[in-house]
Structure formats: structure tokens, C-alpha cells
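A quick write-up on the structure given underneath.
Per-chain residue numbering starts at 1, and chain names A, B, C and D are given in the order in which the chains are listed.
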Amino acid sequence: MSIFIDNSTTVIVQGITGRDGGFHTKQMLEYGTRIVGGVTPGKGGQTFDGTVPVFNSVHAAVKATGANTSVIYVPPMFAADAMMEAADAGIRLIVCITEGVPVLDMTRVYPFVQEKGARLLGPNCPGLITPGQSKVGIIPGRICTPGHVGVVSRSGTLTYEIVYQLTRAGMGQSSCVGIGGDPINGTNFIDCLSAFENDPDTHAVAMMGEIGGTDEQEAAEFVATRMTKPVVGFIAGQTAPAGRRMGHAGAIISGSAGTATEKIEAFEQAGMGVAKRPIDFVTLLKARM
Amino acid sequence: MNIHEYQAKELLRAEGVPIPPGEIASTPEQAEAIAKKLGGMVVVKAQVHAGGRGKAGGVKLAKSPEEARELASRILGMKIKGLTVHTVLVTAAAEIASEAYVGIILDRATKKPVFMVSAAGGIDIEEVAATTPEKILKLPIDTRYGLLAYQASELGFFLFDDLKKVRAASKIMMALYQAFMKNGASLAEINPLVVTLAGDVIALDAKISIDDNELDRHPELEALRDETAEEPSEVDARNSHLTFIKLDGDVGCIVNGAGLAMATMDLVKYYGGEPANFLDIGGSSNPEKVVNALRIITAEPHVKAILFNIFGGITRTDDVANGIVTATKANPLKIPIVIRLTGTNEEIAMQILTENGFTASSDMDEAVKKAVALAKGGQAA
Amino acid sequence: MSIFIDNSTTVIVQGITGRDGGFHTKQMLEYGTRIVGGVTPGKGGQTFDGTVPVFNSVHAAVKATGANTSVIYVPPMFAADAMMEAADAGIRLIVCITEGVPVLDMTRVYPFVQEKGARLLGPNCPGLITPGQSKVGIIPGRICTPGHVGVVSRSGTLTYEIVYQLTRAGMGQSSCVGIGGDPINGTNFIDCLSAFENDPDTHAVAMMGEIGGTDEQEAAEFVATRMTKPVVGFIAGQTAPAGRRMGHAGAIISGSAGTATEKIEAFEQAGMGVAKRPIDFVTLLKARM
Amino acid sequence: MNIHEYQAKELLRAEGVPIPPGEIASTPEQAEAIAKKLGGMVVVKAQVHAGGRGKAGGVKLAKSPEEARELASRILGMKIKGLTVHTVLVTAAAEIASEAYVGIILDRATKKPVFMVSAAGGIDIEEVAATTPEKILKLPIDTRYGLLAYQASELGFFLFDDLKKVRAASKIMMALYQAFMKNGASLAEINPLVVTLAGDVIALDAKISIDDNELDRHPELEALRDETAEEPSEVDARNSHLTFIKLDGDVGCIVNGAGLAMATMDLVKYYGGEPANFLDIGGSSNPEKVVNALRIITAEPHVKAILFNIFGGITRTDDVANGIVTATKANPLKIPIVIRLTGTNEEIAMQILTENGFTASSDMDEAVKKAVALAKGGQAA
């Protein structure tokens, strides 16, 4: 078991002939992900890497391949359209890797995707992986190993760091999900926590938050009231100054709201384990599993 | 991206928000000439990206052109929260009957732009929100439909009873929303929105922040950027496509990925050190970014040690290693460097570094501890 | 029993201080409709006709009165906003009398109202009446009498004509609903037929369609497949020329589509009674009840 | 409201649709001058609100300015489907490689504007839809989101394979949608959309219909109305705020309400007569409307009897009765009149009519039968 993707997931890549899209498509194929098609307008009829058919539109790709999942590597100004196209074409899980999507675009994309009944992950996220089955996005496959820790994070490389440390300590993962660092995104912590709670193969959850917003506080409330499985949390940005955007568009302390301190307090009040350093996840999770 | 008051006012004026006339001056003489042209009393206002200008003495009322010149000469060159005033706005003074607050922020929780209005104007809206939330009307706007007439009317009625003022305020709400949307703003504020003694509703001060992600779409807004109002090192970093924020510590951090960069800073602090900066070289493996990052960080005299923390995913660690070698050959380092890298092409990277006289570790905690110790002038652990 | 409104319906009037709004509010009050408030921006705090409180907004009116229904008499250019305001304020049934609403406005109003979960009747409709209980709109109360015929129509005065003839023949009505003559409206024939089918007090339905569109054809299909109660239909516009808008914005034969002939054929195929003249409703319904 | 081809083209050109240059002429000399200015071959096109202009000889190719003058002199004044040609459009001819159809209609079923495109262009789209529906792509547009880029691209790919043409077509789709929305259209059509021998994608003909309900919002569109292209009696009726459509029968109908007006016409036909018109005096009780209605209907020589059918709801029947009395006093009727009224103030109305020598009935069928008989020159039943 796993959340969101497994070995039955069939994927199309939007922007497959681009630099990033091409690179990561190869990585995903190597990992064993079932990439069934790609989309680049004007390159319909071509083949990517000798095996993957390319289409002019997501509609055409879905019609021909029956794909249920899409991963998006297109430039930021085209990402909103790509997400809406995927939702409109009947894609069930849309993973948008693109960073730099204007936030106002997302105020239209979000309700559009909701209306179509699809799940959106991202934008500005590393995607997700179910070790040994499928990876959709850019999380390096070789740092992961199958197991029972669910991982959910707002960040990319920080997630890799923690997954790497878990794997080194012999703790495999059920699924690892990067929800992305933007202020408006499709899937939030609670969506993932809820899925992990319902996934029999997940025994505990590692959750990496950061400064900005109140998603972590709401997630803590969810952990306290709705979850039976242990959750260990971490917040990046304890040393971040107020009012500055720390790389991620969403990682900003607005006035006095969204600080690491208030998030860590929420974790503690929810009875969660709190990792002070990335390495602490190993001991805290071990103690709880 | 922040823009100045006078720039924000231009964007609002373009949508029809009534704003007293005014022009900017960079010399006292210009200020005097503008005041003369405007006639009557004027306000001389420092244009800096900092709050609390009034308290700092950056906003003054002048009764004559001569006084405007005199005040401008005092305000120009003044430092407000570390930022030097290069420009003042000279604008006609208004006779104020009452003040209100009107703002739009891009709200994460509702995933919508949210109007915040309060009849308690000219104030810190965050404080009002915290202490007397009933004095604020918060109204999320569904951008698929835009600000609807009944909503603009509701906002107007929250501020005023008199229908004429309600209508004027509703029109301003519409204009403010247009300005917010058209310019890809993340915040747009009129504070205060005033009723004059003559009964007119006008905007006396304005603030607009642009979503950085919109700038590719809005070159005309990128042109509003005032680099003289920013940290030179941050300007340099942005022009080198690096995400960099200067801090006061002594451990210079070069990291790939925003989350890992923050976590690295936090770990520096955890082990008793102080980070000198946030720096994310991003996901690409361009060695030039490493070169630029080292240049910018080593230019700061208070940086005592450099810490690389690279988790190779998309980023190839051998590219980073090559960047380090190139940069330090061109400009030999005068301070110690600690390198942690792991992931893609780790072995090749280690070899490159070793061959060029560097040592590197694959353990994050170990590397951070070492960098902290070195910055304190101690030995590497 | 009845459909959509009964004596528990509480109504606010949008545009209550206008000429039409004021006139019909008095008519509705006279009929016994529970008018609990009115809305005219800038006249909040006043009282209409000495008894009905006026508010500046629908939100304020709903908050103060708990009204579940709204009826709209505002000029055409303000009608879209009025409908959306009512839906946003939690009104469950919105009846828009206003004629001349731009059709493109309705392409936004319709999904807005759907999203809020409200029912919209109209625009450009005479409203509805449940004889002896409540009337919302402009249908003359005195021509109606309580009984068991459900009446649904795209037209105003034609409906009065037929209701008048039914009443004269001793056949009372459960509810009479005017869905309006515009090409895009909130409630269609099927919505009303479905409600009449589920209303124990309705024993048969009189349905008045007209040229334009395919609503009557779809309604006939619904009658054939989903209804147990007898339905008698009529189509106005058999003598209308193609391509001309016959008063109602929706009453237009486009090319060869939307003719009276094809609608009447659909009625016949559905096994419905077909009234060739308005007066035929009496005999056709009597034969079926 | 229909507008002329040249007006529709102006609206499309304003949004950036590529359209060959052209100007309108109302004399052969003007046509010649325009052709001279344009140079090369031109097309002279009758501007009337009627389809089938080509078949009727209203569209001709001219090889020289002299021929353009000659053709214009033949087309100007020509009657097409009963409408006189007052204006021609003289426009540069294009060398056509292929033709496609692009249109937007406001669709009742989806409650959305729907794009219809077909590579089988220059044709009757209704016929294609009926016989070979697979040759048409229908794409409903959610106006909350507008025409999205991927949709414009899908429409383009349905017409063309070559990316350059797809992009050009997508841009035209966007522009057509903008024109449709901005101008409150109920239909906007480019037929044909052609690819020239040079590979350019351009609009050769265009049609736009405006939703009458939008005209209050768009006075600039109301100004495009060409009253010379309409029935004079219908222009008169519209200016008197009456909804009137002229037909060929002999029973003039004056009714309140569109549905009842249609049902009355149908009943005239049912009883063997022919209605002379559709006329809805609307819901208000203004006696002046009755006066105008009588004037317009009696001006038609083929009308042999007048039938009033009034169901008083909002309409007060006594107001209508007063209108009849006033109108017939000022202009005594030369043809018989049958009056049916019931509802609000019916007794007062009956009394007014009786006192003034009219008889009236309250039964619709009876009144219609009587009017039909009178129009046939027979006696009232």
C-alpha cells in the first residue's frame, strides 16, 4: 500500500521535450514509473526517448493512453494553463513541479481543479514517490527504500536529507510527498496526513514544515484530533527574519504570524514528536513505531 | 517586490482612485518648485521601503514652498531603518475629517485575495486585527468572478452610512481591486483612506507589493524596482539568479534548496553559531552560480567561515565541486571553508575536491559543527 | 403540499422601493405572502408600507430576518449582481422577475448560484404561486385557486390565461411556476416536473412551452421515462417565422431548430396530451385525472 | 441586433484579427476610388442583413477599379431577400489555399458560449452539423475562466497540423472570443477563415449579432444599428417601445405578453385566419402604447381586422380601453376591431368601451373566431 501513487499509476509528462521534462522523464522511466505519454504542442506524433509517444494536447494523450496522472515541467507562465488542461482532460492526480507560478494564477487554478474533481500536488514541489513502485516528479529514487514511514514536506532537498537519513538508519518509507513551497497549493498537510492515516502500510509519519502561513498549526490540530498513528514534525526557518521571503514564495513570516516558534508549539500541544535537527527524526520515529 | 508610495499611487490613479496631486523630488530645490506649483500646504514624504516613516521624521507638513525646501533638505539623505532616503514625494495636503483603512492581501487560508477594511484608519491593521477584530471586515474575493458590485457596496457600508460616501468608497474598492489584479500584487493598501472636510473620499497613502513571480509577465513593473533602496549584496545576488538574504551572523551558508537552506541556518544556530545569510543556489548545476555565491558571501567582512551544504538530486555535486575549485583559484579564500556534499556524483565530487586540497564530509551535522567552530576562531573539530 | 413555496416561505424583496418592486410587494402582502424584508442600498433602516423593514444589503436582510427566499425587481443591468448577492447571502430560492438581463451575465450567474446551492427561478419570469398559501412574483393571485394541477410555463400572460380557464372549469392548482422566457435560466421544465412528480398534492401537470431551444424535447423525454403523473403540453409560436425573436429572448427558431412542430412531436412521442388551443387543457386534463 | 459585415470586421480588427484592408462605398465612384487605393484585385460585397448574398449576385470579384465601379453600380440598389443594398464593402481580394469555419454561439443547453470550428469552411455550418457532425469541433467555454490557452490550441489543432498555422489560428480564436465577450454578442462568426497561398491565416468574412439586452450597456454598439436595413414599421415600433414583427396575414394582433401574443397568432391560424403581425404591448398600462400599436398596425394596407387580446395582470384593462378610445377618436378606424379583455379592472374597461360604442368579449376563442371572420369580409359571428 501507499498513498496517491503505486505501480498501477500511469503518467503523462507535460513539457516532455523540454530540458527539465526530458531529464526527469528518463529518471522516472529508469525508476520504473509507467510513463505512457508526453505532451508538447506541435510535437504530436513524435516519440520521446524512442518509446514514449508525444501528443499535441493532454486531451489527446489521455484519449490515447488512458493515463490517470500527469506531471508538469513547463515554464511558470504556462503552468496554470497546463494544470487546468490536465484537470479538464480527466487526469486524477496532477503534479506540478514548476517553480515561480504567479500566486494569482493559483486563485483560478485551484477552484478549476476542484470543480473537475482532480487532486493537484504543488506547484513548486518535488512531486512524490512510493519506493519500489513509482515516482512522479524529481525526488531522487536511490535515496528511498520501501518501508512504513510516511513522509510529507513543504520542501525539496530538505526532504531528501531526511529520507536519506531514514534510509541510512534502516527505516523505509511507504510514500514520500512534497506538497511544495508556494502560498497556494493543491494538496496540503492534512490531505496527506489523512491519506497516511488510512494507509495500512504506513505506521508513522515524518512531517517537515517551514515558516509562513498556518498549515502546520492546522495539521497539528488534525493530528491531535483525527490521527491514531504517531507523527514527528520539524520546522525549518527558526532563524529566518520576519518579512523576508526565504526562497519559497510561501516561506515568509508576515508581521508576527507564521513563525517557527508558534508552529513548534502547535506540534508540542498536539502531542507530536518534535525534531530539533533533521537527524532527530530517526530516534523520535524509532521510539514511536 | 516592494514599490514606493508614489509608484503605488500612480498605479491606483490609473484605475481612477482619487489621490491628491504630487510629484517626486530628489533635491530640496525640486521640492520647493513642486510645492510652489501645487500651491497651499504640502506634505513632504520620504520614499523608502520601510514602515514607520512618520515616527522617524520622514513625513512633514510644509506651509510654504520655502518650508518644503527646508524639510526636503532634512529628509533627503536621512536614514530610516537603515535605508537612505534618496527621493521625497511632495503632495498637496488634505483637510482630514476621518480616516479609514482599506487593504487587499493574498490570503493563503482562503486561497483568495481578501479585502480588509476598517473605519479605524491610519493605524496598524495587524494590531486592530489582534485586539479588536470586530472593527475589521474581511471579505475574500473569488477571482473567477472578481469583486462584485454588492461586495464593493458591502465594504462601503462597513465604513460609511452616507450613501454618497458609500458609493465613492465602493468605486475606490473596485479600482483598488483592479490595480491589485492587473499588477499581480500580493498586497495593496490605502492607509489612510480619508474623508476630507469637503466630504470627498480620497487616498492619502498607498502601498503595493508585487508578487515576484509576476515580474516576467510585467516588465513595466520590473522597471519600477529601485535598487538604491535595497542591500547592494542582495541586488548583486538577484542579478546572479541567486536567492540571497543578508543576515548579521558569521557563518556564510551556501545551500541548494530553500528548505535545506533554512534547516542549515537553523542547525548553525543549534550548534551555537550565527548564520551570515540565507543562500539558495537552486536546483541547476551551473558552476557559475557557485562562483557568484562565493564572491557575494566573501565580500562581507563579518563572514568568518563558509559552509557548503549540498544534497545532490538534480544538482550534480561534481558541478558544485568544480565551481568551488574554479572560484577559489581565481580568488583565493582568506577564510576557512567547510564542505558537505552527498548525492548525485558524490564520489567524483569528493575526488575533485581532494585533488585540489579541500576536504569534504557527507554528514550535515558534522559539517555544521565544524563551520561554527571555525567561525569562532577555533580549530575544526 | 406544493412545490418550492408554501406558507412557511419567508421572502425579501430586492428593489422594494422601486416602482415595480413596491407595487408587487403590496400585491404579495395582500395575498398573504410572508414578506419579511426588503433591500435598497442607502435606504437601510427605513420601513416599506409601514411594516416591512428595508436593509442596505441582502446579507443584512437575511441576518436580521432569516428569510429563505428572495424576489428581484431591479433594472436589468443590476439583476446579475442581485442574483449573486442573494445566493451569497444564503437565500435558498431566488426569483428574478427582471426582463432584459444580458444573456452573457447569466453564463456567470448560473454557475455562481449552483456553487452556492441555491435555486434560481428566472430571470424574465412571472415567479410562482401556491394558491392559498404564498405567491412570489407577479402572477395575479385572484385567478388561481387551490387544487391538484401543477402548472409550469415559459410565459407570463399565457400562463394566466390557462390558469384562468382551469379555475373557471373548477380545476384548482397545486403550484404554478413561470420559468421565464430567457435562453439561459435557473430552473427548467425538468426541475419543475420532477418536483411535481414528488408532490403528493399534484395529480396532473399542465406545461406551456414555446419555440426556441430544446427544453421541451428534454422535458418530454423526462415525462416518458421518469413520470407517473399525466402531463398535458402546449407550444406557443406555431406561426412564428424563423430567425426572429418573438418578444422573449429565448423564443427564437435558430435555423431549423426549436420549431413548434418538433416540440409537439416530442410531446406526442412521450405520450403526453397535446393542447392545440389553451382551452384544450381543461378537457385533456379532466380526461386524465 | 445584426450588424453589417464591415462593422463586424471592425470589431474583430480591434482585437487583432488579421483582415484584408477595405472600405465601404455608397456610390460606384466611391467604390472605384477605394479599389484604386487598395490596388490589385478587389471584392465588392453587398452589406445587407441577409444570408446568401453570394448566390444572389451581391458579392463580385473586380480586376480593375473600373470593374469595381461597374459592379458596385449593379449591386447598389439591388434587392436581396427583400432588403435593398445601400452600401458595399470594397476589400482587397485574397488568394485562397483553404477555407475553414470558426464561430461562437451562445448555447442554451450548456449555458455557455460554444466554439464551433470546422476545416470544411465557407459553408453552411448547420448543414455540416446535421450531415457530418464529426467534421465539427464544439467546445463550450466557461466564461468564469474565459477561453484558456489550451482550448485555443485545441481549436487550432483541429483545423491545422502545421504549428505556425495552429498558433495563428489560436490567436484568432482568442481575439474572436474577446470580441464576442466585449461586445455582448450572441453570435460571432468568421466564415471563411482562410489560409492564403502565402500561408497566412486571415478572416475573409465576419458576422456578429449583438444580444439586444446588452445595448443599454453598449451605446457604441447601438450606434451601429442600420435602420435603413430594417422594416420601417419595425423601426417605428421599436422607437415606440413595442415588440413588433411584421408578417404577411390580415388579422392585426395587439396582445400583452409574448407567450400570449404567440398563442393568439396560433389561434388565428387555428381558426383559419392569418396573423398580420406579432405585437406585445408589454406589462405596463401606458395608453400611449395602445395608440402607437394601432397606428403601426393600421398603416399596413393588407390588415383587414384588428384583434385585441389583453389579459389584465399588471396591465390594467381600463388603461387599454382608454387607449383604444383615444386612438380611434383621433384616427377613426377604417377596418373592424375585435376586443377581448379580462382580468384587472375588467368591469370598468367594459363600461368604457360600451359607452364609446365598442363591444368586447372576455372569451379568447370567441374573439379570435370573430376577427378571422371579419378579416375574410364576413359578418361577425
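By our rule, contacts are C-beta pairs under 8 Å (C-beta built on N, C-alpha and C of every residue); 3 or more make two chains touch, one makes a residue touch a chain.
The structure displayed is predicted, hence computed values, not measured ones.
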item	value
Chains in simultaneous contact with subunit A and subunit B	D
Higher-contact pair (C-beta pairs counted), C-D versus B-C	C-D
Length of the line joining the C-alpha centres of subunit A and subunit D, rounded to whole Å	55
Subunit C and subunit D: spacing of chain centres that average the CA atoms, whole Å	28
Of all residues in subunit C, the ones touching two or more other chains	108
Multi-partner residues of subunit B (each touching 2 or more other chains)	144-145
Touch-based graph of the chains, sorted into line, ring, star, complete or other	other
Touching pairs - complete list by chain label	A-B, A-D, B-C, B-D, C-D
Subunit B to subunit A touching residues, read off their complex	106, 108-109, 111-113, 126, 142-144, 181, 184, 186, 211-214, 216-217, 243, 245, 247, 255-263, 265-270, 275, 278, 280, 283, 311-315, 342-344, 364-365
Interface residues, subunit B side, partner subunit C - complex	145, 148-150, 153-154, 157, 163, 166
Residues of subunit A defined as touching subunit B within the complex	23, 76-77, 100-104, 106-108, 110-111, 126, 138-140, 143, 153-161, 164, 181, 183-184, 208, 210-215, 234, 236-241, 244-251, 255-256, 260, 276-279
Of subunit C, residues touching subunit B in the complex	41-42, 44, 56-59, 78, 81-82, 84-85, 88, 108, 112
Touch list for subunit D against partner subunit B, complex	144-145
